[in-house]
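Both of the next two complexes hold subunit A, though its partner changes from subunit B to subunit C.
The block that comes next holds the complex of A and B.
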């Protein structure tokens, strides 16, 4: 009796990405009907211009979560790299692109610190990156004495955050390059397969001869480096480097990854899923700011768009988690039933 | 001795900090400011006791800052509408327990990882609160501050409430079946199950208790000022987790004492006042706290490595 139902659930599970595409289309339809100037070229390019940083963090977070880990420190790392970048350009007169390179390398160094603590000392990623979350943000605040900020960057550098290149926001091209590189790494190399193997069963991966500590470290180092890059792009967009750059971004990045169907237990998920999760969030964020005719809590939707999109993001994440867990429980129950009926010839048991 | 090595180390560090303050900055110990500082740390202590139980049962809850803010505003709104203080306190603790129950259902009965569940509920409550209050400062009726009593009496009540809670919870974790259930679930959930303890019910109960304690912490905070801000709980989760980890609660579950949590709390909470009294810039606080957390986990890592070999 359950064969048709289980088939539809199975195919739904197999196509997490299809569901996300439908969600995105639904969002577009909704905001186009309710809002003003949503599907307009300029607004669409804004959608992506304003969320490239979170997209970068989300794409780089994917390998980390695939290995069964988590990195809570990337938002704080952005703050620290932004401050260092600002100091290098503003105080020491380094050319912005050299300073940007140093910021990326510094991000990799911070990721390396996470990696050493996690893989060499066998400490849980959650608590290590919670510690560095506090440490990196604290260093950024200490370096700026809690108040200083750096601005006055050259125009040629600010173009990275505000100009268009070949009809698209300039920073989108950087994002494309990083996303393509990480997609290649995760889906086309043995390294990428090893991430999933480690997340699925790290002890099993070790017995299979995978250098678990080295490969896991690489995931954290890349996450740190990409956080440094995201910091540079954020500074280019805002024209200002402050210690509070990227506060809360780690949560948005993790939300995009989990929404994209990457298992938080590690072992399964795709970069394409993460990208779709990120697009769904970015459209939600922007679309709400386009709705001015409807009111909520006596306020036009557009003026409370930030809070509302945050609330909806949280609820969406909860729903995605609950649905995912229920599906998994159903699948396990079904698999158990099947294996029971196959292996036990005694009909009384099955 | 070695069983309580961590607690003793933290006690020594705290003692050292206090001793150097006594020598180089004796005005740190002036009675009234000292008591005020201690009182202001009590809400975080209540939250840290809750988070210690959560971590001992091998879970985590990063939504407590949002829960705290939500409970504070619920209590504030209840009191401002003219209802008696008792009702406001009850509403705060009840709302906290309900929010904890949601976390508990998702973690214990659906088997979802607590870090992601509480991440989602953290964002949800925080933004719901922002939407509701729009960042307004909520003025509290006159009878709320210090429970409508004088400041010294109020401070005495807040401090003694927190310590009664601490002593009661520490005793319960050692001597009550429920306390042993929490330790057993955190040490090995499967072994606990085979021993007849349902780890799911235990985990659920711990999250409900955590929510209730977040509500109580919000009340202890509420009575200390004439106004309440919607963002009053920001960063509380980190403070509480840091206090527990520094105080020797193992993040891998099963181990930790609430006395250690108290010591960790006092050590971290006094970083900032100590910086001020040593005439050092206060903006190093977060970096030092992060460093202390990392030192604590690294010490754990090295020790567990040694014992393995």
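The block that comes next holds the complex of A and C.
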């Protein structure tokens, strides 16, 4: 029973990832039919160039949400790190790679602050990171007096945000490296295993000798560091460092993670799911800007793409959650039936 | 006398699984009717049919002489059927009186709450069951048994004629048990029919008039309790003769593994505990709930570290400040609350089993799925765990098998000292004796075992020595020869007049 189960079409369809792949295919088909130049190489690489920062935040948010937590401060952390980076390069003349490193370390420090408040003082992650969400952004604005911005970065640095490398946007390679590292951490190490245990039952994990506080802290520190990296990449793409960098990105990242099937209660989910959730969002945002022949409420779709994409993102997320919840309810009902049959033979024994 | 509740040939299937295969059951007014059966025998399903939570697929349900065709939970309440669950379903942030008022008064969303009459009603109901609970106390601040009493008060207040109690004593202290027994007697005297479910046979002997035994979804007979012996009852439940319930001790114990000297922890109310546990020995730990036994285990496991006294392990003085240190020293703790602490229900049993040995089985932090699977399959085989495989989530297993997974997790650490906390609580009789065999086998292999249990026959049957705790102190150490129910209970209650003698 169990050996054939994992390969059946039914269970493949029940997998969240499969549903997302279908959604993505549907999106591509739709935009290719309705829109102009959607599946053109240049546009496709733009889709990803413009959403790498959110992708970075989303993959780094995945371990945090697996532990049953959340980090609302990463978008603000991007603003703060962007400003710090700009100041270091522009005002103090640090070379960009060094300033970038400092920005990443500073992000880790901010994540560490979240971690201490959450794990040592046992405060709820939602409230702690809501606080640092305001704090980090406020600091960024104070540093720039609300108006200043930094630009005039060296060309070699701007290439990170705008050039291609081996046929793909340069920053995509950074993203691949980070995503691969986090995939390895979540799925192939004891740390990742412990994130799940903590998310399912943090007390239970403690009783099994898992260093709950230390490992939870690591998730937040990594999220902070990656936010610092995302800030540097954003600055490289825009050529400008402002305090408002990354506003609202935390919510988009969380949307991608949840859309990807990671349980907001912690425990279950995959990095691959997050990636698919991110791709589905990225394509939706870009695709709408390509539809100029069709009108909605007397406006060309492309001109209201922003508003429309917010609306559709919301619908997509709610639909995905509803489908997920229904699937889960069905699975529980199945499991209940199964557990009632006491006589189930044990293939592991025979 | 006419039965107040009559079930005839009730059937219920879940998909292909037949949970109830035509069960008949009757309850007379003024009767305590015990329902017995191993986990999975169909007790819960039967209860859910009576309370209207499940619709039976076949059979007749007659309440007070009237056939009820389509019972819903609301209708069941109207008919005077009340169920008291192990885990009371009350609002923790409301007071006792508010909870009782909410449960009993049918009010619209905007109707006024009459605080005075609500409180009077609560006082009266609590008085009727002899509970010393303030109606103004917040339910969240009450102990589990006190909350159960509030539930009973609700049932009484709703004028229930049929009261179902599902393992009501699982978390009660001796004193609270007596109080509960008295309440059950009063209910019976006032003509209420009580369906009583418990794994503790001695309670059934003390309380019940008749007993119906379920096995594999079938009723294997209803008998007056007076006609059955304990052995006969167990035989009915498991369908086989359990000749020797407890495996015998073998051999002499070895060197001292655990040596505690005046151990204490102010925060958890344990003080001055001096105790030795030897290799190959099972020391049973008896005492009332709240006597500090679990608290002592938590100290030894580093969850609430000690602040006084000494811990010696294999002759070495050690300190334990968190579970990881305890594990590193070779101490394993199978916790009391299996579902919250013992097994992570959503995770595969293989993951559960390796959870305490991550550094050992996954050196360099990389997961090795092959090694993990192999280990899990070995434990599934060795401990006879019934599961469809190492990938089965912990929650899909029955209570007894979950407990075996919890034990497996700690055996995997290759401990020197194994602390078991209520190892067979909520476990059916068959799995219980298997777990007993496993524990004895482990001791035989040279493990030092400290077994906390509120199940007196288990303590007496399994232990080589019995340590009795009371009020956070270890008050008696009783050798096996001298340990009987009376001496242990007397020590636990503090009525043995040791000071006088």
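We adopt the following convention: the second predicted complex is superposed on the first by the 313 of 350 C-alpha atoms of A that agree within 3 Å, B and C clash if a C-alpha of one lies under 4 Å from a C-alpha of the other, contacts with A are read in each partner's own complex, and residues count from 1 in each chain.
We take it that a residue touches a chain if its C-beta (ideal position, glycine included) is under 8 Å from a C-beta of that chain, and two chains touch if they have at least 3 such contacts.
What you see is a predicted model; the values in this text were computed from it and never measured.
K.L.:
With the two structures laid over each other on chain A, which partner does A:18 touch: subunit B (first), subunit C (second), both, or neither?
P.N.:
Touch partners of A:18: none, neither subunit B nor subunit C.
K.L.:
Of the partners subunit B and subunit C, which touch A:267 in the superposed model: first, second, both, neither?
P.N.:
second
K.L.:
Figure out whether A:156 sits in contact with subunit B (first) or subunit C (second), or with both, or with neither.
P.N.:
In the superposed model, A:156 contacts neither subunit B nor subunit C.
K.L.:
For A:191, is the partner it touches subunit B (first), subunit C (second), both, or none of the two (neither)?
P.N.:
Once the two structures are laid over each other on A, A:191 reaches subunit C alone.
K.L.:
Between subunit B and subunit C, which makes contact with more of the residues in subunit A?
P.N.:
Comparing touch counts on subunit A for subunit B and subunit C gives B.
K.L.:
On the A-aligned overlay, A:208 touches which partner chain: subunit B = first, subunit C = second, or both, or neither?
P.N.:
Touch status of A:208: second partner only.
K.L.:
Give the list of subunit A residues in touch with subunit C in this complex.
P.N.:
1-2, 187-194, 196-197, 200-201, 203-211, 267-268, 335-342, 344, 346-349
K.L.:
Considering the complex alone, what residue numbers of subunit B touch subunit A?
P.N.:
Going by the criterion above, the answer is residues 60, 106, 110-113, 115-117, 119-128, 130-132, 134, 238, 241-242, 245, 251-252, 281-291, 293-294, 297-298, 300-302, 304-305.
K.L.:
Along subunit A, where are the residues that touch subunit B in the complex?
P.N.:
70, 117, 121-124, 126-128, 130-139, 141-142, 144-146, 251, 254-255, 258, 264-265, 296-297, 299, 304, 307-308, 310-311, 313-315, 317-318, 321-322, 325-326, 329
K.L.:
Could you list, by residue number, the parts of subunit C that touch subunit A in their complex?
P.N.:
Per the touch definition, subunit C meets subunit A at residues 14-17, 19, 40, 216, 301, 303, 322-324, 326-327, 333, 335, 340-347, 351, 355-356, 358-359, 362, 365-367, 376-377, 380-381, 385-393, 395-398, 409.
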